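Below, each structure is written out as structure tokens.
In what follows, chain A forms one complex with chain B and a second complex with chain C.
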Partner chain A sequence: MIGKWIGKRMVMGLIVLLIVSFLSFFIMQAAPGDPATAFYGGNAQTLTATEKERITRAYALDRPVAEQYVAWLGETVKGNLGISYKEGRPVFEIIRERLPNTLLLFGVTMFCIVLGSFWLGTVAGMKANSIWDKGLSTFSIATSSIPPFWLGILFIYIFAVSLGILPSSGSGDVGGNGGMVDKIRHLMMPASVIIVTHVGIYARFLQESIKRENGQYYVKVARANGVMERSIRNGIVRNASIPYLNYIAMTIPSFFGGSIIVESLFAWSGIGQLTVKAVVTKDFPLLMGSIMVTGILVVITLFIVDLIMYAIDPKLRKGGIR
Partner chain B sequence: MKLRKALLFWYSLLGLIVFLTVFSTIFSPYSPNEMNMDEIYSAPSSDHWLGTDHLGRDVFSRLLEGGKVTLVVASGSVILSLFIGIVYGGISGYFGGVIDTVMMRLLEALITIPALIIILVFQVIVQGGMWSMALLIGLTGWLVTARIVRSEFIRLKEEEFIKMANMLGTPVWNILWGHLLRNSIPAIFVVTLFNFAGAIFMEVSLSFLGIGIPPTIPSWGNMLYYAQNDILIGAWWIGLFPGIMIFLTILAINFIGEAWKNPERRRVND
Partner chain C sequence: MIEVRDLSIQIKGKHITHHIDFTITRGNITSLIGESGSGKSMTVSALLGMLPDDAKVSGSIMYEGRNLLDASDQEMESVRKQDVFTIFQDALNSFNPSVKMGRQLYAFSGERVGDSLPVFNEKMHVILEKLGLSWEVVEQYPFQLSGGMLQRCMIACAFYVEPALLIADEPTSALDMVLQKEFIQLLIRLNEEKGTTIFLITHDLDIVAKAAHEMVVMQQGRIVETGKVETIFSHPGHAYTKRLLKSRF
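== the complex of A and B ==
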């Protein structure tokens, strides 16, 4: 059963990656000059005739577009993402350096958001018509209306320019003088901007989901039979967290989109900032690589969320509708 | 009662913002692109209500003009995505079966790719002006609309009056237009409102990154792009006000959208 289900999700992920790869390949085709130049950038002039010949053969540049795509995809899967125009280094290497920063930012923010929204949502959802209940609705609409990067600008003005207690940009270096503390200091502003602008809306979704479950017949029956409030609460939260997880899965893509902007505002050297830099400097191989990596990140994250949902939801385990 | 008053407030706030920006030429004290090198970075005063920027341009005038650009781009893109969404969702929902399955699988895949990434790709190849921006945001923003239209169509298709219409031989076009689409309007309206807020977010974000609307045209996002550097030398007014405008606009739209989501709160007067 689980094998079939995982297979289905994986096929979906592969379709997504295929579309992302079309997008990436499209950049190569649309970039000025011939694709070999697009791929090797500034280094293209230094290539000798035999090397050019080799590239042409490797990428099937003398063949129809469909075959070119297959050849390019083959190289990409092998990890050959070309050479960056500006840095003259393999794109793969640059991305590998940047990836931990993005994962750190994503991990920390997602963890805090899930933790915070779970707590807020449960409190507000279980106490219907309390101040928590009404307050959270307004709070979530208000915070989700703030453009994250604008909040970032305000934070920079307050904490970096006026108070001077936090660095305005950069991502710190664990191996540097500051060590781990430096890294955390750099992480604080970008992470808190993302958390503040997202936690409310997720909490609200859980709150509404809990309120819906709370009104269900099975809860009423359990209460009438004197089941302990704590186990009722556990049951409700468990059932309510399935649509909540689904909501997280649905918003993951825009979450990655949002972190691109926050990363570049704070010069947090992750994949997002890299993508924007690649667009601004028209560094095509770098852009292609970072798009592919973002696509892979999204697909993997969604797959993990799916697995958690599978573990929680018995309907899925029993092969129910999805 | 309290809720209705609050809703009325958000309607008027949004109305005021739209009114001020649409008639920006009347209300702005200076020309939005008029430079004055003697008065760069001057703080808010009676001459310049919201101060001036790094080229001595009046922030208030640029705020109104920029709002017009931002709102026009958002409106244009929303109209486009509304159209695509209705057509795509309508076809998928009306025909059902294999067509529906294939179209929805494709939609699910597309929804997984961050819209920002798709727009970045096209921006790097054809960096255009205002309208190409609206086109790009519209082309990436129709997915949720399509989903809603489809589920509304599927729900309505099972209703008795549609079955009846089919039985009586009502032309397909008439059923699609007069019955299915017309009854989906409330749901489409809500999703379009949220889409509008999303489009503003998108334009502002892209311009803020310096890859949206060309810097020669003022927009709320573009103003924030320069504010990044200005804030470091302490010129807070350049960044503060465009952000507040974006915040208030989106806030008003979100509150109105939330009210429309719950039918019992919908009526303002009665």
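== the complex of A and C ==
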């Protein structure tokens, strides 16, 4: 049963990745500008027609787009993501250097967001009409309306420029020997920006879900019969967390989109910043590589969320709508 | 056992019940009958101290020498936990859909009376068997069982708890005829075997005729007639009761 379910999810994940790669590849080809010129860098005017043709041919840019896509896909499946135009190194190697930073930022922020929003949402949802209940509604509207890049600039102004206690950019000491403490110091601002702008809205969603669950028939029946409040609350939180997890799953892709902006703002050396760089320099292999890696991260995260849902929702396991 | 005097409930300016009086006699099955929207369920909510926050209520509900309307939330909680068991209309939604039945039956019965899990298992096993349910239900989720089975699970808890008062709010309206009959038999059994006082809310006169000793007839938030079932059936006093009885035959 579970094997079949996992298999189905994996096939679906692969289809999603295929669609993502197809769309990104073709959209990129439609973008204005000439990759050969971009590859040359420096002053494009000085590039002669012969040199341009040579570059174009060397990278097979003169072939039809569909043919390029099939070739790219064939190599990617074999694990070869190509060579970066700009750096002249394998894309895989560049991504491997950047991935730990992105995973660190994503892991820390997601952990804090889930922990914080779960706690806030549960307290506010359980105490209807309390100060928590009303306070969270206001807090979530306020924090989710703040653009992360603006909050980032504000943080840089306060903590880096005025107080001078945190580094304004980068993901570690230049020499790379700052150690754990240095890493954390660099991580603090970008992570806080993502956490602050997301925790309220997730908590708000759980709060509403808990309030709705609190009004369910089975809760009334349990209260009328003196079932222990602890058992009732556990039941409510468990059921309310199913739509909450769904909401997290739904917003994961845009969450990654948002972290690209934050990574660029703080020059956090992760996949997000790499993607932006690849777009600017029209470094197609690198761009495709980073999009695919982001896609894989999204698919894996969704798979984990699905697994958790599978564990807590018996209706999924038993396939049981009456 | 319970004396309701001059009970009026008002919600958002609308009168739900008007100065109603009735008595639930210890050891009897008392039935409250009336059409939908006559205020039966709100009366039950008042008895349980579970009226909505915006409800205004006056009068008294005397239970063992105290007025339940004056009781604090904690006192009402302890009454609900120790003295009363309530079975509601919609059995399909009476249990948490994502928790196994065993855990929930324990919360409704064993845990309530302070029994340990092994004691509960032993006692509940016997009760379920007596009610024609297999022990396997404890391993299942509510959505895997039928409405009739779930309602029997509820009454199994009532058998376990042996409450001073069992309130059954239209317990059979979601069941088919055969299951209705079976369920009413179980209520009668509980009353006869354990001496449980039962307050049975229904809109079905056949059920009253079969099960109840006394009846209270309610129409549009007012009590129009109370008395012994046989007396009212043979000599109905109020026009509404007469109409009800006529529609039955």
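Just so we're on the same page, the second predicted complex is superposed on the first by the 267 of 322 C-alpha atoms of A that agree within 3 Å, B and C clash if a C-alpha of one lies under 4 Å from a C-alpha of the other, contacts with A are read in each partner's own complex, and residues count from 1 in each chain.
To be clear about the criterion, contacts are C-beta pairs under 8 Å (C-beta built on N, C-alpha and C of every residue); 3 or more make two chains touch, one makes a residue touch a chain.
Nothing here was measured: the structure is a model prediction, and the numbers come from that model.
**Student:** Is this a clash or a fit when chain B and chain C both end up on chain A?
**Tutor:** When both complexes are placed onto chain A, chain B and chain C end up side by side without any clash.
**Student:** Would you sort A:Ala31 into first (chain B), second (chain C), both or neither based on which partner it touches?
**Tutor:** The answer is first: A:Ala31 touches chain B but not chain C.
**Student:** Count the residues of chain A touched by chain B and by chain C, then name the partner with the higher count.
**Tutor:** B
**Student:** Classify the contacts of A:Thr275 with the two partner chains as first (chain B alone), second (chain C alone), both, or neither.
**Tutor:** First partner only, chain B.
**Student:** Using the superposition on chain A described above, determine whether A:Trp150 touches chain B (first), chain C (second), both, or neither.
**Tutor:** first
**Student:** Quick one: classify A:Ile312 as touching chain B (first), chain C (second), both or neither.
**Tutor:** In the superposition, A:Ile312 touches chain C alone.
**Student:** In whole Å, how close do chain B and chain C get at the C-alpha level once superposed?
**Tutor:** So the smallest C-alpha gap separating chain B from chain C comes to 16 Å.
**Student:** Tell me, which parts of chain A touch chain C in their complex?
**Tutor:** My answer: residues 216-218, 220-228, 231, 235, 238-239, 242, 312-315, 318, 320-322.
**Student:** Under the touch definition given earlier, write down the residues of chain C that touch chain A in their complex.
**Tutor:** For chain C paired with chain A, touching residues are 48, 50, 77-78, 80-82, 85-86, 88, 90, 92-100, 107-108, 111-112, 141, 143-144, 157.
**Student:** So in the complex, the part of chain B that touches chain A is made up of which residues?
**Tutor:** These residues of chain B touch chain A: 105, 108-118, 120-121, 123-125, 197, 201, 204-205, 208-211, 224, 227-228, 231-232, 234, 236, 239-240, 242-243, 246-247, 250-251, 254-255, 258.
**Student:** Enumerate the contact residues on chain A facing chain B in the complex.
**Tutor:** Listed in rising order, the residues of chain A that touch chain B are 12, 15-16, 19-20, 23, 26-27, 30-31, 137, 141-142, 144-147, 149-150, 153-154, 156-157, 161, 168, 250, 253-254, 256-257, 260-261, 264-265, 275-276, 278-280, 282, 284, 287, 291, 294-295, 298-299, 302.
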